[in-house]
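Several structures are given next for inspection.
In what comes next, chain A is part of two complexes: it sits with chain B in the first one and with chain C in the second one.
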Partner chain A sequence: MATAAVAPPKGGFGYRHPRARLAALLGGPMIWLVVVYLGSLAALLLTAFWTVDGFTGAVVRTFTLENFVDAFTTPAYLQVMARTIGIAVCVTILCLILAVPLGFFMSRVASKRMQPILVAMILTPLWASYLVKVYAWRAMLSPESGVIAWFLSPLGIGGPGFGILGIVITLTYLWLPYMILPVYAGFSRLPNSMLDASADLGAKNWRTFRSVIIPMIFPAIVAGSIFTFSLSLGDYITAQIVGGTTTMLGNIVQQNYVTNLPFAAAFATIPVIIVLIYLAAVRRSGALENL
Partner chain B sequence: MTTSRGTKIALTLFAILAFSFVYIPLAVVLINSFNAGETLSWPPEGFSTQWWQKAVDNEGVRNAVVTSVILGLIATAVALVLGTLASLALSRFTFFGQDTVSLLIILPIALPGIVTGIALNNVFTSYLGGLTFTTLIVGHGTFCIVVVYNNALARLRRMGVNLEDASSDLGAGPFTTFRLVTFPLMRSALIAGGVLAFGLSFDEIIVTTFTAGPGITTLPIWIYQNLFRPNQAPIVNVVAAALVIISVLPIYIAQKLSSDDDRGAGVM
Partner chain C sequence: MHHSRLLKMAVATSATALLLAACGGSSDDAGTDAGAAPGGDVYAGPVGDGEGALSVLAWPGYAEDGSTDPAVDWVTPFEEATGCAVDVKVFGTSDEAVKLMQGGGYDVISASGDASLRLIYGENVQPVNLDLVPNYADIFPDLKDRSHNTVAGASYGVPHGRGANLLVWNKEKVGEAVDSWSIMFESDSPAAGGVGPYDSPIYIADAAVYLMATQPDLGITDPYSLDQTQFDAAIALLEQQKPLVGEYWNDYLKQIDAVNAGTMTGATSWQVIVNGFDPAVVGSTKAKEGATGWSDTWMIAKDTANVNCAYKWLDWMASPEINAQAAEWFGEAPANTKACDLTADPAHCETYHAADTAYWEDVYYWNTPTEDCLDGRTDTKCVPYSEWSKAWSELRS
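Presenting the complex of A and B:
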C-alpha cells in the first residue's frame, strides 16, 4: 500500500477516493429521506393547493388558494388556531415555572451523589409510553371518578375535568422533561466564579438570579421551549383523550384528511409555519446549538 | 452566591412537589391495574391480580405486542444502517450541502407527527396503491434514523480520526478499518441509538395511525382503540401499567452502557 503524499481534508474513513466513498455512504440515507420523505412533504404541499369536488369527493388537481383562504377567514378555524397557540404558550410557561427551580435544585442544591439519580428520575417518565401518560391523566382528571376530583371532593370543589385546562396540564406533564434537561444542563455549566463575583460586587441573591443566572441559562430555556412549544402545537391525541370537546389544530387536520385532503394539507402547514417562525426568531439567541 | 438555608428548604420542598407531579399519575396507573373493580374509578375497590392474568391471556394484546416488536426491530435495523451511513458521511467528509443534509435527517422529528403522517399517507394511498405493513415500516424508519444518527455522529466526532488514519497507514482498506477500528469504537453509541429507535417506534401512535395498513394493530393502536371502551378499561390499565414498568429498562441499559464506557451512552 502506498502512503499518501497529500493529506486528505478530513482523515479516517474518507481517506482515498473520497467522492466515491461519500456517494456510497450517503446514497442510501438520501434516497430514503429525499425521495420518500421530502417527496411526500412536497406532494402534501402541492395537494394543499388543490381542491375537492363537492359532489364526488374526488381531488381536483387545479391550482387554487381556496383552502388557505378558507382556513384564515373562517372564524371557527381562527379560533382553533388562537386556542392552540394559547395552549402551547401556557404549556411552555408552566414548564418553565416548574423547570427553572427544579433545574436549580438538581444542579446546585442536591448532593453530587443524588444528581445522576435525579436525572434518571426525569428520564424515566420520558420512556413511559406517550399514550399511557395521557391515559394516566384521564384517570387523574375524570370528573366523576378521577383522582383529582376525589381528592378535592372533601373541600367541596370539583377537579378541572376534561377540557382546555386538562389539555394544558397533560401537555405540561408530557413535555416537562424536555424543558428540565436543557435547563439543568445550563445550570450545571454555570461557573461558580461568576456567582461569587456577583456576590462580591454586592448583589443579593435575587439580583444575582435576575442579572447573572437568567441571562446565562437563557439559551437553555429557549432550547427547551422549542420542544414544549412545537410539540404542543402539533398534538391532537391529548385533546381527544382529555380535551372533552376542545379541538386543536391537529384535530382539524385529522378530521378532514379523509373527506377533504387538500384542506387538511393546507391546515397542516399552519403549525409548521408557526414553528419555523419561532425557530427563526430564536435563532439569534444561540439556542439551536443547545438542542 | 450562597444559597440560604431557607431557600434550600423551599427548593427541596418544590422539588418534592414537582417529582410528585411527575410520579403520581404513573403510580395511579400502577395501582389501578390491581383494582378489583371493573371501571376506571378512584379509589380502587380492592386488590386483585385477575386483570393481569386476563391481559396476558388476551389475544388482541398478545398480537399487538408481537406486531409492535417486529415493527420496532425492523425499523431499528433500517435506522441503524441508514443512520450509521449518514453519520459517517457527515462526520468524515466536508461537502456542499452538508447543513441541508443534516437538517433533512432531523426534519422527521422536528415536524409535528401529524404532518409526517398525512404526508406519507397521501403518497402511499394516492400514488403507491395503499397502506400495508411495509408502508408502516417506511413511516417508522423515517423518524428512527435521526436518533441513531445523533448518537453515532456525537461518538464519531469525539473519537476523532487518528485511529482510523493509523489503520489506513498500516494498510487496512476502508471496510477493514470500519470492521476493526471504527465499528468497535462506535458500538455502545449504536446500541444506545438502537434502543432509543426501538423505544420511539414501540411508542409511536400518530405516524402509525396514518401509515399502518388495514387490520394492523400495534400496541399503541390497540390501547387507542380500547381506551374509550368501558368494558376494556381493566385490560387497558394493565397494559399501561406494564408499559410504565418496562420504561425503567432503557434507563437501566443506558446506565450499564455508560458505566462500561465513560464517554456516555447518550440515551435520552
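Presenting the complex of A and C:
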C-alpha cells in the first residue's frame, strides 16, 4: 500500500498555498496601486490642510481649512475653474464631432486591409513627444507669422492667436486619438444584423444612426470622453505655451506648489473632485459596464 | 474572505505610507521659526583633504562638466585637482531650488537673491568662513555684504555673477528711441497687445521699480520691501498692464520665439537672450527707471557631510579663471575683478558692465521679501514672499 501511493499532484509551493499564490499574483500591483496611487492622493489631501511659513515657504503642520476657503471663495480662482471646465467640455465635444465620422469610416467603410493601416495612422502622432506637438502648434497659431494666420490673411481675418481658442484647438489635436480608438472599437463591435434589421423595418440612414448606432456606441463615446475630459482638465503645459495670458487649473497648482504647497494641494483636489463627479454621472448612465 | 484579507492588506499598506509621509522631514520643523536668528556654526577650518564627493545644485550653465559642450568643462578639472567627485543637479527657478534644498542631500547651491534669504532663515545653509576662501578677496566690492548674502554680519556665501533685467522692444512697431518701462505699463503704449512680462511673483518688484520713478510719494526705496499700500499699488499697476500683455514668459525659448516672430514687442529680458536678437530690429537697454536684476551666490548646505569639498568648490568657482569661464558661458558679469582679463572675448566685461559700478546702482538684485522690511523700516510690516506668490497667481488667473 505504501509503495502503491498515488503520485502527488503536480505543482509546487504556489499550488499548495493558494493564498501565497494570490499574494504573488497581486502583491506588486496592489502595492503600486495602494502606496503610489492612493497613498499619494491621501498625502495630497492631508497636505491641503496644512499651512506654510510665510518666511521660508516651508510647510508647517498645523491644521487649517483656509486653503480650501481661499480656493473656493476667491473670484479669480472660481473663474479659472469655470474656464477650465469650459475648455475641457469644448475639447471633448470637438473630439466627438471629429471622431464619430472617422471611427465610422474606419470600421464600416474602409476595406479590411485598410483598417489596421488607418488605426496605425491614428496612433502615429502619439509616438511624437507631447512638447514637440505643442510647440508645433505654437508655430501654427502664432499671430501674424503663424501658418494659420498666413492662411487666413487673404480673407482679411487674423488667426486665432494665443488664447482660449488656441488651447482648445491644440488640446483637441492632442487627445483626438484617445477618442477615436474607443469609438472605432465601438463601431467595430456593432453587429451588422442590427443595421439590417433597422433597414428591414424601414428606417432611413438618419433614423438608423439616431436610434440604433448612437445608443450602441454610446458607452464607447463615454469612454473616449473620460480620456479627453480628464486629460484636458489637468493640462497646464499647453496653456503655458499656446495660451497667451490664459491660465487653467493646472497653472495655478504649478504656480503655487513650490511656494505654497498646501494651497496647491487644496487646489489640486478640485480637478480630482470634478473628475469623480463626472465618473459618477457616467456610472449612472450605465456606460462604465460596457468598457 | 479573500476580499476582506486583500482589503486589510490595502489598509495596512496605505496606513504605513501615510505614516511615512507624515513623519518625513518633520525633523527640520525646529528650523522654520520665522524671524529666528539663522543658526549654524561657522566652519573653523582649516580646509583639509576633500571627502571625495560633492553634490552641487546649480542654475543651468553654472556647473558645466563637458556634457553640454565638450569644450566647456570646469567640473572635471576640479575633480582632478581636489579628488571630490561632483554630482550636478540643475534647477529652473529659484522656487524649485529652495524646494530641492529643503529636501536635503545637496552640499552647495548657486542661489539667487530671491532664494538665498529663504535658505538662510530656513536653516538650510550655513554661514561661510570667508578666510577659508582665498579668492574672495578679488570679488567686486559692491557685491560683498549685500542684504541677500549677509545676515547680521555673517556672510553666507561667495558671489558668482550678476546681471540686470533689460527692456527689449521691437523697433519697427514701437519706435527707435525707447528708454522707459512705460511701454510695458501705460495704457496708451505702442506695444499694447505685445507686452511680455516675466511670469514669476518676483516680477511684482519690476512694477515697484517703475512706481519708484512714477509715484515717488509712495515712498518705495527697495522694490522687495513693500508695505501693504505700496504692494497694492504695484498690483494695481500690474492689473493695468494685464490688457496690454500678449504673453507672460518664463521659458526663455518662448520669449526668443515670440520676439523674433514680432508678436512680443515690449518685454523684460536678459542679456544672454538679447545677444541672440537682431539689433536692427530689437532694441535693448536698461530702462531709465532702473531695473531688477540678479546676483547669485554659492552657498553651503547646513548639514553637509563634505564641508572641505564644499569650501574647495566655493574657492574654485570664485577663482579668476573659472569665474571668467562660467560668466562667459552663461552670459553675465563675473564676480571676480581679475576674471575680466581672462575672458575669451576681451570685451565681455564691458558688454556686461562688470566693473561699471554706476551701472549697478539702480539695479535691484532679486531678493526674498520678508515680513520684517528689508529696507530697515520697523514701524510697519512688509508683505512676505508667500503673499507675493498668492497675489501673482490671482493676478494671472
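One rule holds in what follows: the second predicted complex is superposed on the first by the 243 of 291 C-alpha atoms of A that agree within 3 Å, B and C clash if a C-alpha of one lies under 4 Å from a C-alpha of the other, contacts with A are read in each partner's own complex, and residues count from 1 in each chain.
Please note the rule applied: a residue touches a chain if its C-beta (ideal position, glycine included) is under 8 Å from a C-beta of that chain, and two chains touch if they have at least 3 such contacts.
What you are looking at is a predicted structure, and each value in this text was computed from that prediction instead of being measured.
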Inset, instruction - Check the residue A:Phe72 against both partner chains and state whether it touches chain B (first), chain C (second), both, or neither. - result: neither
Inset, instruction - Based on the superposed arrangement, let me know which partner A:Asp196 touches: chain B (first), chain C (second), both, or neither? - result: first
Inset, instruction - Look at A:Ile252 in the shared chain and tell me whether it touches chain B only, chain C only, both, or neither; answer first, second, both or neither. - result: second
Inset, instruction - Would you sort A:Val80 into first (chain B), second (chain C), both or neither based on which partner it touches? - result: second
Legend entry - First (chain B), second (chain C), both or neither touched by A:Val34: both
Inset, instruction - Based on the superposed arrangement, let me know which partner A:Asn260 touches: chain B (first), chain C (second), both, or neither? - result: second
Inset, instruction - Go through the superposed model and pick first if A:Arg138 touches only chain B, second if only chain C, both, or neither. - result: both
Legend entry - Residues of chain A touched, compared between chain B and chain C (which is higher): B
Inset, instruction - Kindly list the residues of chain A that each of chain B and chain C touches, one partner per complex. - result: 22, 26, 30, 34, 38-39, 43, 138, 142, 144-146, 241
Legend entry - Footprint of chain A on chain C - complex, ascending: 2, 5-6, 9-10, 13-14, 16-18, 21-22, 26, 28-29, 32, 34-35, 93, 95-96, 98-99, 102, 118, 121-122, 201, 242, 245-248, 251, 254, 257-258, 261-263, 370-371, 384-387, 389-390, 392-397
Inset, instruction - State the interface residues of chain A toward chain C in the complex, per the touch definition above. - result: 19, 22, 26, 30-31, 34-35, 38-39, 42-43, 46, 52-58, 60-61, 70, 74, 76-77, 79-80, 138, 142-146, 162, 240-241, 244-245, 247, 251-252, 255-256, 258-260, 263
Legend entry - chain A residues touching chain B - in the complex, by the definition given at the top: 1, 3, 9-16, 18, 21-22, 25-26, 28-30, 32-34, 36-41, 43-44, 47, 59, 98, 101-102, 104-106, 108-110, 118, 120-133, 135-140, 142, 144-147, 149-150, 173, 176, 181, 195-196, 198-199, 205, 208, 230-231, 233-237, 241, 250, 253-254, 257, 261, 264-265, 268-269, 271-272, 275
Legend entry - chain B residues within the chain A interface of the complex: 1-4, 7-8, 11-12, 14-15, 18-19, 21-26, 28-29, 32, 39-43, 81-83, 85-86, 88-89, 92-95, 101, 104-105, 107-108, 110-116, 118-123, 126-127, 138, 141-142, 145, 160-162, 164-165, 168-169, 171, 174, 177-178, 182, 199, 202-203, 205-206, 210, 220, 223-224, 227, 236, 240, 243-244, 247-251, 254-255, 267-268
